[in-house]
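What follows is a pair of complexes built around subunit A, which joins subunit B in one and subunit C in the other.
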Partner chain A sequence: MNHVSIWMTALAGLMAAIVGGTLPVRSRVGAAVLLTWVSCSAALVAVVSVLHSGHAIAMSTTKILPFTGISLELTPLGAVFVLAIVVVALASTLYWLGYASHGLSTRCASSALPLFVTSMILVPFAASVATFLVLWELMALASLVLVLTDQSRREAARSAAQWYAVMTHAGAAAILLALILLSAHAGGQTFAQIEAHSHHLSGALRGTIFVLALLGFASKAGAVPLHVWLPKAHAEAPGPASALMSGAMVNLGIYGIILVGNVLLGGGPVWWWLLVSALGVLSALYGALYAATTSDLKRLLAYSTADNMGLVLIALGTAGMFAASGSHVTAAIAMVAALLLMFNHSLFKGALFLAAGAVQIATGTRDLDRLGGLLRRMPVTGVVFLIGALSVAALPPLNGFVGEWLLLQSLLHALPSANTAVVITVAVAVAALALTGGLTVAAFVKAMGIGFLGRPRSEEASKAHEVPATMQLGAGLLAISCLALGLVPMLILPALMRGARSARPVGPVAAVHGWISLHLFGFHGVLAPSLLAGGLVVALAATVLARRVSHRRSSPWPALTPAEPWGSGRRTQTARMQYTATSFAEPLQRVFDDVIRPARDLDVSPAAESHYYVERIAYQTSSDDVIERVIYQPLIAAVRRWGGLARKLQNGSVHRYLAFGLLALVIVLVVLA
Partner chain B sequence: MNNATYSSLLELAAGLVILCAFVTLWRRSLSAIVRALCVQGVALGLVALVLGLHRRDVVLITVGCLVIAAKGAVIPTLLRRVLANDSLNRETSPLVNVPASLVGAGALTFLAYGATRSVVALVPTSAGRLIPLGLATLLIGFFSMVIRRKAASQIVGLLLVDNGIALVAFLATAGVPLLVELGASLDVLLVVVVLRVLAVQLWSKFAVLDLDQLQELHD
Partner chain C sequence: MNGFAHLLTSALVALVQLALVAVGGPLLLGVMRKVRSRLEGRVGAPIYQPLLDLRKLFTKQRMRPRESSWLFGAGPLALVTTVVCVSAISPLATARPPLGQSADFFAIIFALLLGSVVLALSALDTGTAFGGMGSSRSMTIGALAEPALLVAILAMAIPARTSNLPALVRSGLIHPSLIASPSRILALASFLVVILAESGRLPVDNPSTHLELTMIHEAMVLEYSGPDLGLIVLGESMRLVFLLGLLVNLLVPWGVADRPGALSFVIGVAALAAKVLVTGVAIAIFEVFTAKMRLFRLPELLAGGFVLALLGAVTAVVAR
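== the complex of A and B ==
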């Protein structure tokens, strides 16, 4: 039965890719989506069986991949990640049904999307180095194709795909090196063999392997400073693909770090996890800062992904540090927090990217400065975005809040720990968490307020219409799950605890318990999300009621003439006079001027008659990624110089090329002789 | 055929192959080069034929006949048609002059003998001793592609390379499977056709068959 579910997952996914690439355009997307759902349901069966029993299911065959064979195994840890991917995949493929007519129904795209989903689902199944690498690469290539689908219309998609291709392959090279080192020294390429032998390796080798794997996987997770591809590729990918990339694919970077660090190497010294936490703090702050200052809706979401992955990395690093210094109870809580943050991020970021895709379709732009007033024109999409925004800002009663609460609890309960480095890191992490939280709220107040409230700032925004029902349903599904998990986190927490236990063999079974109110295991810490939500609703209702009652009493002031709010006495105001995303972010940009160093360009052209009369003011600000500018551009320039040197060898003469060939042949012969 | 006749016939044919390779470097007139190539093709076929007769292998004899037909008749005819386009039927200014190129070819032959010592040790037969000649022909073909300017000379160089490979294959193994041999020969025929088309195009664009003109295409 279990084998059947694994086979079904792979075969149905493959069939979906084939069907998507061959059927005529009318039936192609529908058939591909249907088969993808079959694949997802089969995976779901496997996940439920693993999480219910707590035992892994496995299968292997030598018939598919020569020399090494395929071996697949679903552990409870993998099942948690598969679950997150399947949920996002179900919603995004449903959404795809409506989105397809906007350039996502070509053979190439309808074949690549199911392939992408299936390879992502199967990555956590992989139980040997060869299987893992094949699936990992398949996932990267399928997503690369999806980033390129819009390339004929958008120049930026091509450059984004280039960045993505280079970064993902550099990361894959690091991962390849780490896994090959590991399997060469552990004497086998299946994960079971490696796990059994890895503790015999020397400390330096284990450290090298971990750092290499961390670099590779962190670049997939979008950790700063390896994040540069993220705001480009996630922004340029079409709606469902960007939701899958940002909601599901980045998780696999986290999975990889847990897999190598905790499972294959069986945990490590404190400095590994300090490194992970440091990456996390950097990503969280940097991502949140750029999310707050950018005015491109999807770029904002992508930077927020880097921010959220930073939080997950902080939790992961904390868990590792606690485990290394012997406090297993706190380690378990931090691990569960990491998985919960990851899971929540999948839900709300999926919803947000699907909503952003809907906005892009309805208005043709992602620039917040040209949007506005969309909540009235696209009510469902607007509400989905609102729920997602509240969730990402970690406000109760949504799921983001529970995750961050758990993370803070694990950090705060660690303070009396012995190790000085741990204490300092934890203190820094708490401070970073606070700053990140504030910046994230600012970013999403901007996205919601400028994009969906107010008046439309452009013709396109004023003509926006709600998207088809399938798209609303797909995005709505994720938003509803955000709400449900926010109210009753125990729906998912037992599964996450099972997963966390298989990632860290030592430690207690439970980190939290209690259905209505969450209790931390072994510490004093209580949270009752549903009661909190109830309280919030009651308070809100009371405020509204009180206002109504007070308004009904006769007002002490005389009747006022209605005027435009914030009009400064002007009679006529245009929508362009509203607060924009750029102006909203301007104060923040000023505060963090030394970090961002934006290029500002103020161009005042006075009237011909007098300098005192200004005819036109043009203000331009561009805050391109400072890490890209400082680290990557010089690197690219250096590579280009090297390329220039190689170019000098090529003058277009056929004889010269032939001579090179002959010379190489002669040298080989001389060396061999 | 007794053993002594067999080995001297084999040596004669293989020697003819390498001699023709030297002739293509020595002569400047393209029609003379094509004639040398034609002789070389026949000699190569003879090698296969002698081997086949010695081993009483019908397939190898068939291959030998086919090689003589293809390399002695079909390909030279095709080449002569290319040459008919070019008014100046001489390799006027090779990149390396004739004496120097002959010295280079000699050096390459030495290299071939040096490089194949271990292979020769593996095949201790009268055929095996001749393997270096095949490699030498290959290297000389490559060399002539580097130093000659005309498109036709390039084709000749490529054919020399192919003949060298075929010679090694005949001598080192007990006969390549017919299918492989036919495939390789067809490949070369196709390359000749492609190069002929290229030469015609080059002629119609630049009115010369000088490959250096292609440098114009460099950005």
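== the complex of A and C ==
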């Protein structure tokens, strides 16, 4: 049965890709989606059976040559990641049905999307180095094709794909190196062999392997400073693809770090995890800051992904650090917090990207400064975005809050028994967490408030209409699960605890327990999200009732009468007088001027009669990514210079190339001799 | 029967705490205005004037800007709802409030934040320059105040080994040395800065300003009138009393009811009223001698608060 489900996952996914690439345009997307659902359901069967029993299921084909044997195994840890991917994939493919007519029904896209989904689902199944790398690469290539979908219409898509291709392959190279080193020294390429032998390796080698793997996987997770591709590629990818990339693919970066750090190497010294936490702190702060100041809706979401992955990395790093310093209970809580933060992020970021895709379909733009008034025109999409925004801002009673609370509790309870390095890290982590939280709230009030509320700021926004029902449903499903997991986190926590234990089998079996109120194991910490939500509902009812009673007019509670808003005495006000995303973020941008260093250009042209009268003011501000500007641009320039030098070697003459070949052969012979 | 009686007492305690905050809020506002007037040499309105204002507001017509959505009406409701919910379950008059188990400090603060966020969204829904201005400024201040607040909570929670609010208040009663510890004092100082910022008092925001360009909170709620404005005024004043109540209970918990029984609860109510009144008067006096800070000087104040809290957290760990 279990083997069947694994086979079904792979085969149905492959069939979906083939069908999407061959059938005529009318039936192509429907058939591909149907087969993808079959693949997802089969994966779900495997996930449920693994998480229910707590035992891994495995399958491998016979080996003819060393690298042809496919070896697949689903551990509880992998099952958690597959679950997150499947949920996002089901919602996104449903959404795709409505989105397809907007440039996502070509053969290429209809084939790449199912392939992307299936390869992502299968990555956590991989149980050998070769299988893992093949699936990893397949996932990267399929998503690269999806980023390029709009390239004929948008120049930016091409550049984004280029960035993505380079970054993902640089990352893959680091991962390849790490895994090859690992399998070479552990004497085998299946994960089971590596796991059994990895503790014999020297500390330096283990450290090198971990750092290499961390670099590769962190770039996939969008950790700063390896994040530069993320705001480009996630913003340019079409709706469902961007939801899959941001909601599901980045998780696999986290999976990779846990796989190498916790499972294959079996945990490590404090400095590994210090590095992970440092990356997390940097990503969280940087991502939140840019999310708060950018005015492109999808870029904002992408930066927020870097921010959220930063939080996951902080949780992961502190979990490793607590484990290395012997406090196993807080380590278990932090590990569960990391998985919960990751899972929550999949749900709300999936919903947000799907809603942003709907906005792009309805208005043709993602520029917040040209949006507005969409909640009235697109009520369902607007509410989905609102739920996602409140969730990402970690507000109760939504799921984002529970994850953040767990992380705060693990930090709080770790402190009294920690050593100096841990104390410093925890203090920095808390400060970063707190600042990130504030910035995220500002970022999402801006995204929701400027994008969906007020008056439309452009012609396109005022003509927007609600998107097809399948798109609403796909995004809505994710929003509803945000609410459900916010009210009853225990719906998912047992599965996450199983997963956390398979990554690190020390500490309590159940780090948190209790259905209505969440209790920590071994510490005094209680959170009752459903009671809090119930209290809010009761309080709302009481407030409405009190308002109704206190109103003594003839009609008990008159409806709101529309009227012109106050414009300092002006009769009419236009939509242009509203705050825009740029002006909303201006105070924050000014506060963090030294970090962002935006380029500003103020041009005042006075009237001809007197320079006291201003005729025209032009103000330009752009805040491009400072890390891209300071680190990557010089790097690219240097590479280009070297490329220019290398070009001199080539003149098209076959004789010269033959001479190079001979020279190389001589050098090789000399070196070998 | 015993269970039923317990339920009834719990409901009663929650209602009394709620009523205390709901009536005490506007009254405290009146007292603060009175103190201010007297110090400035004016007679000032009677202290129950805010209650009369509220009664008047609730009889008026409801208006909304032409192009707003349903969210415009949700802002005031969210503001009041969140503070009503948290003041019923927090340790104000009693250190053993109903559902006190679930009154986690972080949860309470984030619930209040929910109210602020929905209000900021509804300000953007007005589609005017002032709504956006107020919303942007208040979110900027909030983004800088939240770090100070979270770290302050952590600094108080580390020595007590819990972030449960009733437990934190009781820890002060049981171990008075916890209160005198530098970590708690630093954290509470930072908490006070945050309260002033979040409830729009001087030197962060001038609640009695009529100059549109310097407004923060008032700009945000400029479009509200009648009952909705009433809800906002009520909600803001309740929030001030609630936060001050928490502050004084964490600073001087004595008087708060720690035992079941009507008498200790009555004492608790009186003690809370007295403590909050004293703090309110102190803030009012402070406001007379303070000018509003420039918006772009505020980060310095809030960063100061953050540093205080961080110092508190560090001393809490060092002194463990």
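What we mean here is this: the second predicted complex is superposed on the first by the 615 of 673 C-alpha atoms of A that agree within 3 Å, B and C clash if a C-alpha of one lies under 4 Å from a C-alpha of the other, contacts with A are read in each partner's own complex, and residues count from 1 in each chain.
Just so it is clear, a residue touches a chain if its C-beta (ideal position, glycine included) is under 8 Å from a C-beta of that chain, and two chains touch if they have at least 3 such contacts.
Note that the structure is predicted; figures quoted are calculated from it, not measured.
Using the contact criterion defined above for the overlaid structures, shared-chain residue A:M15 touches neither subunit B nor subunit C, since it reaches no partner. Contacts of A:L672 after superposition: subunit B is touched, whereas subunit C is not reached.
When the two structures are aligned on the shared chain, A:A46 is found in touch with neither subunit B nor subunit C. After overlaying the two complexes on the shared chain, residue contacts for A:A393 are found with subunit C alone; subunit B is out of touch.
Of the two partner chains, subunit B is the only one touched by A:L662; subunit C is not.
After overlaying the two complexes on the shared chain, residue contacts for A:G652 are found with subunit B alone; subunit C is out of touch.
The partner of subunit A that touches more of its residues, comparing subunit B with subunit C, is C.
Counting contacts as defined above, no subunit A residue meets subunit B in one complex and subunit C in the other. In the complex of the two chains, the subunit B residues touching subunit A come out as 95, 108, 111-112, 114-115, 117, 139, 142-143, 145-147, 149, 154, 211-212, 214-218. By the touch rule above, subunit A contacts subunit B in their complex via residues 650-655, 658-659, 661-662, 665-666, 669-670, 672-673.
Against subunit A, the residues of subunit C that register as touching in their complex are 55, 58-59, 61-73, 77, 80-82, 84-85, 88-89, 99, 101-102, 104, 106-107, 110-111, 113-114, 117, 120-133, 135-137, 139-140, 142-151, 154, 157-158, 161-164, 167, 212, 222-223, 227, 231, 295-296, 299, 306, 310, 313-314, 316-317, 320.
By the touch rule above, subunit A contacts subunit C in their complex via residues 292, 372-373, 375-376, 382, 386, 390, 393-396, 401, 405, 408-409, 411-413, 415-416, 418, 423, 427, 430-431, 433-435, 437-439, 441-442, 445-446, 448-450, 453-455, 517, 523-529, 531-532, 535-536, 538-540, 542-544, 547, 550-553, 558-568, 573, 575, 577-580, 583-588, 590-591.
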